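Look at the two complexes coming up: chain A is in both, with chain B in one and chain C in the other.
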Partner chain A sequence: MTNEFLPPGLALQKADERIMTLNVGPQHPGSGHMRIIVQIDGDYIVACDPDPGYVHRGEEKMAEYRNYITNIPHLERPVIHDSCNVLYPYVLGVEELLGIEVPERAKYVRVICSELNRCIYTMYWLAIYGIFLGHSTMFMWPAGDRELLIDLMEKISGARVTHAHFVPGGVRNDLPPNFEEVCLRQVNYFEKRIREYAAVFYDNPILISRTQDTGVLSREDAIRLGVTGSVLRASGVDYDLRKKEPYDVYEELDVHSNVMKEGDSYARSKIPWLDMLESCNIIKQALEKMPKSGSVRVKLKPNPKGKGFDSVYKRVESGRGSLGCHIVSDGKVEPYRLKLSVGSFRNLIALPYLLKGEKLGNMPSVYWSLNYWPVEADR
Partner chain B sequence: MGTATGIIRALNSGIKHIATKRFTLRYPEEKLKFVGDGYQFDPSTGVGIAGLKGRHMLFHDHCTGCQLCSIACEGVAEAIAMVKVPENQKQNKKSIMPQIDYGKCVFCGLCVDACPFYALYMTNDYELSSFTKEGLIYTPAQLQVKPYVAQDSEIIITKWGATHG
Partner chain C sequence: MSVIAPDFKFSKFIQSLISDVVWFVLILSLIGFPLIMMILFFIPMPVIDGELLTPFLAFTYLADPSRTLPIVQSFMMTDMFKIMAFPGFGFAALLAAGTIFVERKMLAKLQLRVGPFYCGKFEGILQLMGDGLKLISKEIIIPAKADKPIFWAAPVLFVASAAAFVALIPVAPGWVVADVDMGLLAVFAVIGFFPIVTILSAWSANSKFPFIGGIRALFQMVSFEIPLILSLLGVVMVTGTLNLSEIAASQSSFPWILFLPVGAIVFFITMLAELERIPFDLPEAESEIVAGWLTELSGMMYGLVQLGTYLKLYAFAALFTVLFLGGWNGPMIVPQFPMELVTEGITLGPITAKIGGLEPLLTQLITPEMINGVLMFVLKTVGVIFFILLPRGVFPRIRVDMLLNLGWHKLIGLAFINIFIALALVYAGVLGPGGLQ
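Take a look at the complex of A and B:
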């Protein structure tokens, strides 16, 4: 078999004697169900080819065979730690297709769930980032402190992961009694805990020397490559969808987007941490402004249908950047076509540009600082 | 800030944690406390009642055998099968009731939302492991039993850190 029929990386490449091709993944615990084909000259990376697609599950095609409600449990599977944010654009889109007006209290509950989920995801991401750099404390602390927020989500939705809490027309159930008090107490303690990470991780000179000035993405390149979320904000572009295109009640809340100018691995790892502090702030604001009583769900017909041919595109700011959902309806109970546009995949595009000229030892920190979730990118 | 001070600060922040309380939940000895009595749904208002989405509970005197829970599960997990039951309930003419396979169930609770007769709820029971696949299939008679769930610890936040009590 000649080389052209083989998938990239498997083909025998006639290269320079100095250059070696190295497969990182798909079984490597660091790459996480994906392969990075790197060509190295000594310790320096000459070229890099990220190869996702090992966990493709066909979520988009599956959605064409299920109705608007039955789609909910499987659409949150791509990122189970951030399941509310993955469902958010879908739910907003279906509401616009079916013409549903959501009660005010449900919107606030959604914002609280979405911010809690963003923190839960970022803590998981941060734990893995810590262990990638060999910092065991930074693996143990976030993995333990997540429990505070998982406990809150369990109280709201009844599940620790994959909550299936958002539905077109609101949320599944109201907040449990006394929730505001418990939430405020645990979020305050969580905020205090993550502030302690600064001394042990972000101000730690060992981390700074490992991550500063590695994988620098300039402002122009960030815009040209179309990266989103924390990667874009770490390069100095102030673009947060919660602020630029506010959905639900975000325009009534005071959202501050964190921007750093450096664009290196350190800035990209610090922005999600600053976002978590901002999320705590948003949760507290939402708890304060939320209407104290009222309905949280509009009663829908059993099998809701779209009104003829129609299409809608909605996007939200997830833990990994802009997350869009394009739904095309043809007036049946199932969507005609559903497309998820995810932040992970867009951020992955920057990887070959960032790794060129870096040392191989810096690869894990640059790769994971892109806020990339393999399962979400493959969908 | 110098390198040495930075490293000392990092070590110091770790050393402080020797004095803080243990946050780990010692699971089989301690069990988490949940809100409410499991996820329930009120069909008259169309809003659920917060609670843990655990093993289901079936009320035989409410179930009419309408199969709506089974239809709701199609395309999600297909865990619900309608089976013949020997007992004769007057509202259940066909004498069929849901049987749930917990090897397939994803605990989304959409079957509870679908039930219009207050017959299917979820409970706090989450310890469902079994040595066989057949042991995970719960018949209507098994689903009728209200489980006993020990709930003793919840997160307590003190001056010395959070703990599970």
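Take a look at the complex of A and C:
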């Protein structure tokens, strides 16, 4: 049996006295639910082989046995911290398949929920980035400040993480009374709070000297490897789906996409933080422009069906990059095929290129700056 | 933060204390006294005041302070007491335990959380005891291919090295376990043991992550030992002695940190690196190499290494205090004892209460000067420990190449600048023989 048919960890390799093979994960504090096989020569990484797939749950296959409404609660499971954004392309696609027109107020509520969820996810990501660099304060602060926005989402949907709030035809429930006021207050405080992170984390001289010029992804390589989201924008490519392909009401809002030219770990870790500030801005605009009353949901018939053989592809900008959903319908109550195309998996592809020749101490920062979520990549 | 637990009742707390006392007395009287009796029966007894000490007499002494206190006093002057209790292990372990509690609570306040809370009635003060009990009760797992004798010995050696370090620290005038003339050289020798113990433990585990961690620890400790030694030479030049007690005594008018601030800064940074504290915790960097050289240690072996680490932390902070902050010197804040109460006794109407044997103890051993010295020493040491703990909440971890660059390029250069400052001060006649002080 030759090497290419074997799974990564079992492949035969030439023995080399100098090279040590490390299995980083799946039982390792510096990996997610995945394994990175790292070969090191002294302190330098010679080769790196990411091995995802430990949390594969067959979401796509499951979706073929459920109808368009009962698919909602399980399709958000890949990233429970970002559940609204995971459902967003699916809901947009089903609406196009079934030909539903969404009320204006529902579109604004979706944008608010989506931006709140982006912040919730990014705070969790930032907390783990902090502890990966040995900065325990940066682990506790974002994990605590997340609660502000989780409370808001709980007020909207009733659940703290898995909201299942987006449905084809709008959102499940209207906003609670007095929500605009509370939301504005919380978001303002949140914005003030995350600006304080700059002093302790992003302007920290040790952090800057540690992550600058490590794991540099050039603009050409970023385009060639097909990375998305914050990783792409950190390499100097201005590509934000909220601006390039506006969905729902993003074209009526003033969205600024953050771009940095360096393409190193520091830039990749700073872009999500800038995105959070931008999200606060978008939430405030949406709260202002939102129609104060009106329906938020189109009543659907039970067991809605697609019109014959049809397929639709929708994508949105999630916390980890472009998140696409391809739905194929054959006119039955279940989708014929559902494919999720996630940003995490696209970003992971860059890892072996970035880690080659790096020091072992840079592995956690480069790995986690790719904005990768193991569960989402495995689906 | 200082909220009392919801089901807390003061009466219940007192009740539990009383029941504890009852149990203590019961166990002492049923097991403790017979045991003492048996031991005293077999030990050849000395002759005191012309009569042979029998177990019965020894028990009567317990009720007579004028006979007990001289025994206590003579015991306090033995080496055993010094090693086990006061300037040695017990005192250091107590301060180390306090350090762990303060570290956890302070870090918790810094990170906007509560920290240990439920164990012990007040702010989780017994959490450390609970953790210790947990570690003792855990199974010790040894890797199958480990070099077992060395792997077992390494944690014990680690604590032994830390305890040897503690033994060299003078706490108050005359209160030091090992008052050697070459005290500072002995400190360097003991510090040289830690990388050896670390690499022994890491290598004998025969596992990849401990091995990488051990190599990192070796790099770090060996490369920071040179600036450590060089930064302390300035103090030796201005005092002209290597004896730690004499160095501390020489700072009666001003601490050396006023004249040698560069050396103090270099020593503080190298201290952080030797202690493997953040930002220099590379040997235990968890996101890269799990727990570094501690990965395969389990149960009380891990507990021993933690104990050794915190003893080492106390010893380094105490060394900083002795060398740069003036040790036990400081303003006299402890009032004089009312000695006439001890010598004449308290007269309450017809009764005169007087404790014989207390006077020599209070005039020879536990004097106000000694208590004041210990207090000053502890306050300064706790201050230094606080500054050692603080970076953990502020800085991320640095990288190996940055660490070595810092150690070999910057700190050694600064240490030489410090030596030139010390030389200039001595030659200009400001310090040294014939100078100030």
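The criterion applied here is as follows: the second predicted complex is superposed on the first by the 370 of 379 C-alpha atoms of A that agree within 3 Å, B and C clash if a C-alpha of one lies under 4 Å from a C-alpha of the other, contacts with A are read in each partner's own complex, and residues count from 1 in each chain.
By our rule, a contact is a pair of C-beta atoms (placed from the backbone, for glycine too) under 8 Å apart; a residue touches a chain by one contact, two chains touch by 3 or more.
Worth saying up front: this structure is predicted, and the values here are computed from it rather than measured.
Visitor: Putting chain B and chain C on the same copy of chain A, do they fit or clash?
Guide: Chain B/chain C on chain A - fit side by side.
Visitor: Applying the document's definition of touching, compare chain B and chain C: which contacts more of chain A?
Guide: B
Visitor: For A:M363, decide between first (touching chain B), second (touching chain C), both and neither.
Guide: After superposing on A, A:M363 lies in contact with chain C but is clear of chain B.
Visitor: One more residue to check, A:I206. First (chain B), second (chain C), both or neither?
Guide: A:I206 sits against chain B and chain C alike.
Visitor: State whether A:T162 touches chain B only (first), chain C only (second), both chains, or neither.
Guide: first
Visitor: Have a look at where A:H256 lands relative to chain B and chain C in the superposition and call it first, second, both or neither.
Guide: The answer is neither, since A:H256 touches no partner chain.
Visitor: Measure off the angle at the C-alpha centre of chain A toward the C-alpha centres of chain B and chain C in the combined model, and quote it in steps of 10°.
Guide: 80
Visitor: Identify the partner contact of A:I72: answer first if only chain B is touched, second if only chain C is, both if each is, neither if none is.
Guide: So A:I72 only meets chain B here.
Visitor: Looking at the overlay, does A:Y189 come into contact with chain B only (first), chain C only (second), both, or neither?
Guide: Touch status of A:Y189: first partner only.
Visitor: One more residue to check, A:G144. First (chain B), second (chain C), both or neither?
Guide: Both partners.
Visitor: So in the superposed three-chain picture, is A:F132 touching just chain B, just chain C, both, or none of them (first/second/both/neither)?
Guide: So A:F132 only meets chain C here.
Visitor: Using the superposition on chain A described above, determine whether A:K339 touches chain B (first), chain C (second), both, or neither.
Guide: neither
Visitor: In Å, how small is the closest CA gap from chain B to chain C once the two complexes are overlaid?
Guide: Scanning every C-alpha pair, the shortest chain B to chain C distance is 6 Å.
Visitor: Output the chain A positions appearing in both contact lists, the one against chain B and the one against chain C.
Guide: Residues 137, 144, 200, 204, 206, which sit in both footprints.
Visitor: Taking the touch rule as given, give the residues of chain B at its contact with chain A in the complex, in rising order.
Guide: It comes out as residues 1-3, 6-7, 9-10, 12-14, 23-25, 32, 34-36, 38-39, 45-53, 72, 74-77, 106-110, 113-114, 122, 155, 157, 162.
Visitor: Under the touch definition given earlier, write down the residues of chain C that touch chain A in their complex.
Guide: 107, 110-113, 208-209, 212, 278-279, 281-282, 285-290, 392-402
Visitor: Under the stated contact criterion, what part of chain A meets chain C in this complex?
Guide: 20, 22, 28-30, 43, 130-141, 144, 200, 204, 206-207, 209-210, 359-364
Visitor: Give the list of chain A residues in touch with chain B in this complex.
Guide: It is residues 65-67, 69-70, 72-74, 137, 144, 147-148, 151, 154-159, 162, 164, 172-177, 185-186, 189, 196, 199-201, 203-206, 208, 295-300, 302 of chain A that touch chain B.
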